[in-house]
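The structure under discussion is supplied below as structure tokens; questions concerning it will follow.
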Amino acid sequence: MPSPTATLLVSCPDQRGLVAKIASFIYANGGNIIHADQHTDFTAGLFLTRIEWQLEGFNLPRELIGPAFNAIAQPLQANWQLLFSDTVPRIAIWVSRQDHCLFDLILRQKAGELNAEIPLIISNHEELGAIARQFNIDFHHIPIAKDTKAAQEAKQLELLRQYQIDLVILAKYMQILSSEFIAHFPQVINIHHSFLPAFAGANPYQRAYERGVKIIGATAHYVTADLDEGPIIEQDVVRVSHRDDVTDLIRKGKDLERIVLARAVRLHLQNRVLVYGNRTVVFA
Amino acid sequence: MPSPTATLLVSCPDQRGLVAKIASFIYANGGNIIHADQHTDFTAGLFLTRIEWQLEGFNLPRELIGPAFNAIAQPLQANWQLLFSDTVPRIAIWVSRQDHCLFDLILRQKAGELNAEIPLIISNHEELGAIARQFNIDFHHIPIAKDTKAAQEAKQLELLRQYQIDLVILAKYMQILSSEFIAHFPQVINIHHSFLPAFAGANPYQRAYERGVKIIGATAHYVTADLDEGPIIEQDVVRVSHRDDVTDLIRKGKDLERIVLARAVRLHLQNRVLVYGNRTVVFA
Amino acid sequence: MPSPTATLLVSCPDQRGLVAKIASFIYANGGNIIHADQHTDFTAGLFLTRIEWQLEGFNLPRELIGPAFNAIAQPLQANWQLLFSDTVPRIAIWVSRQDHCLFDLILRQKAGELNAEIPLIISNHEELGAIARQFNIDFHHIPIAKDTKAAQEAKQLELLRQYQIDLVILAKYMQILSSEFIAHFPQVINIHHSFLPAFAGANPYQRAYERGVKIIGATAHYVTADLDEGPIIEQDVVRVSHRDDVTDLIRKGKDLERIVLARAVRLHLQNRVLVYGNRTVVFA
Amino acid sequence: MPSPTATLLVSCPDQRGLVAKIASFIYANGGNIIHADQHTDFTAGLFLTRIEWQLEGFNLPRELIGPAFNAIAQPLQANWQLLFSDTVPRIAIWVSRQDHCLFDLILRQKAGELNAEIPLIISNHEELGAIARQFNIDFHHIPIAKDTKAAQEAKQLELLRQYQIDLVILAKYMQILSSEFIAHFPQVINIHHSFLPAFAGANPYQRAYERGVKIIGATAHYVTADLDEGPIIEQDVVRVSHRDDVTDLIRKGKDLERIVLARAVRLHLQNRVLVYGNRTVVFA
């Protein structure tokens, strides 16, 4: 692991001098930029950038970087986030009965691929509690029924607060979050087992089989109040043929789901994803 | 080019002895099988097969193969087609203003990749007539307006009959064929510029851009009365990123459209595609 | 799981009537074929086929199928194997220090994707013993040094015999098997972390980085006396860019290694792979 | 086409303030940056960047931009190139007997995908002269024999000078350029019909078939004195199976060659490729 870095994610109306102003701010304070990328959406008139620099040798103390940058950002009408690489985010993984994404995320975290802690697993079923115990992660079983949903979501939110969770990953969690929940806790990544917008909603593999597609996909996206309509972070696909029945699609899809979700989570944890409108810019 | 072959495409209710009966029929008449593939759809209870054998040394004269096989096929309630590799199908390519698929198909046919003749190009615009002339292919300009459509489709059908066309390829033909047309001439392959069923209908690249997908696709399918709902022959995809605007999607998509359409046409011309329900079996 | 099936894998000099003879043998004994595929290599003059049929309702008792088929196979000079789907092969996984392929294979086996038992893990290091214990699999630590290699391979062979192992999977086992070992136990699948024949041998990711390739790959192959030269079962690739250093190549490669090895093992366990010369036919 | 832009490609030893200095230079002169990307190779201690800005409203006249930037670049020990989007490069396409890449490049240029002129085609055979005439491009037939090679390369160089060629594209030109030629004219892109470094040299498809690979590839690279060893710009792959003989590999490969070469040429013409050592940075 190299020395800690700071990352600025900035979006603002496009105008002259943005790169110069931001880069000069870092240079003037002695920072060594190790990654800088930008994108201009000319249709939206929007400039977006990600700049990462080493904190070693940077003259501003951490607590002053934000206020100092804000003086630059305000006249630009910029939205911005400041993140430090040694602040390790805390993840809650939510699952139902399928374990493949859960195992995958835990093993990647242990292998050092994901810069995060995983202190909490929540499930609407009991089956996967054994995996949680195997890896010493707290497991909370919160079953959901139509009439208990609001109350159970309150419990879930309470757990997220209690465990100081920064990010929820729906790793094949087969319940829909209410828009109230999303309003309270908007940092949620979901894996959908289709190539969105194809086969949004329930039973995508069955429907893909019935439509006779030759390729299936998976999509990782931020969750919004509109089911399966949130900003897409990553997608991938795999070929299928007439020899593949629904069971084969599900099996092949599991490999896709694992990889697409893991890539999206990693990109998010590296602060490489900016959302604007219903789109993402991924500074990979 | 090897010596001519015969190909049987057969589908029938699944039952014991199908492979043995069909293979024995060919062997008993001295045929050398060079390709045999089969598929059983257990859900549909359907058996489908493709068998190709060399005509050299086959004891039945061509005109008797069909009647002889029919005696086997009838008790099996089989649908079947018999095709000879030296019967060269005749293709009509239909276009509007975009030339990339047209050029691609013509050049592949000249390069020997497509076992077909291309005597006819039909367009609702005049622009691509120059390409037709360049390659000595007859070009008919048949503009379509709402109130002339029925009459113009009658002209189109007359041309197909006159030119003895076996297959129509919609190579970016931006008009919808009426269900009456399809009823009269059902052998039509279309290229749709999206990963169906995502973005069926108009302006798929614009809509893909707006949805913020990370992958775009193209789909070649047989045309049915339901727009963009016909049996899919082939699909492929390419990655896009936030840097790609709609123009880039269109440019990247053109490569996909060319390749996906060409593959589908080649598979069809090699008699490798069987349709049942709204699905295809592709014996590639 | 459907009722048990028998599978014949046959290769013989190409000649007329092969499909008919084999299919008729099964039909005559009341078998219902559920998969039949064939391939003719015209250059090699070789016919290869895979036929699978349901044992339920088949009139020959299991122990007579082989002898009965042999009467057909001998005049055809055919090599053949007969396999029953309810005979579950026993796998030994060999590893060194990396755990990603080991975890992946164990989890897939538990999920029912691999029709096999895994009673034995062998390693030249001790680290992965904890994983073996976690899943209740016997673990044997057999360190290899230059002067102990012959003796240690004898121990390994003894373990394979004792555990009645059918297949060895080198799941990132960083030692080379001697040709003597292969002569005694030829059923070995290896995962090589490059797109063979590029970067055969040591340190493929380092060398891929130095060459500046834009795509990296992984290759699963049967092990022969020639290092990294055995028949290839499966390969896949992933894009890399100038932003990926060697560490990134290794991380991205791990996903490839997992998937390519798992696919190859599954194909092998389903008896879908025929080897001839240094090539495989994969009846997928 | 938007208004003209200037692009700076810069590489220099890594040090603090590079982004700030370059961006400030453009901002100070009133430039509006529309693309900025950078990469640091920490192993090589090298910083590389591409910055593109609109010339409209830029206060420095064109002829002064270079000298002004040089004052910044010299103390940084930077290598740099300055390019204007309305300076249209002139391409010579070199071919032998295969026409698919030639057709592809010409059609893309006519479709506006390649910002270049194609005034010259050179071939060591006569066959493709007809295509040159069809598109009104000058064609020079320069046959190569062992003892005439040096003299013929002199003629080729004279033609490149005469036609003021900026870039040579070897679009399936089946001759090796001498290192003397490369020394005189180093801007050459070649398409090699394999996934380099696999199957460098002659007959890659035949050798890929013999090795039994499951995937084939194509590689576009800058030509250096070492055959097939130059910096790679782009690669792509396609799946093959045991059903594909060498002829099929060649046919499938042609699609790869077209697309990989076209992508590489487009990236080069957009000044998105920086070479250092034997590697490329592609600011796509």
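For this structure, a couple of remarks:
The letters A, B, C and D name the chains in turn, as written, and every chain counts its residues from 1.
To be clear about the criterion, a contact is a pair of C-beta atoms (placed from the backbone, for glycine too) under 8 Å apart; a residue touches a chain by one contact, two chains touch by 3 or more.
Quick caveat, the model's predicted, so the values are computed rather than measured.
Chains touching both chain A and chain B: C, D. Taking the mean Cα position of each chain as its centre, B sits at the greatest distance from chain A.
Residues touching across the chain C and chain D pair largely coincide in numbering: over half of the numbers involved belong to both copies.
As a whole-number value, the distance joining the C-alpha centres of chain A and chain D reads 37 Å. In whole angstrom, the spacing between the mean C-alpha positions of chain C and chain D is 42. Chain D has residues 243 in contact with two or more other chains. Those residues of chain D lying in contact with chain A across their complex are 16-21, 23-24, 26-28, 30-38, 40. Only residues 39, 41-43, 195-199, 210-215, 217, 231-237, 241-243, 245, 278-282 of chain A touch chain B when the two sit together in their complex. Partner chain A is touched in their complex by these residues of chain C: 99-100, 103, 107, 111, 113, 134, 243, 251, 255, 259, 284.
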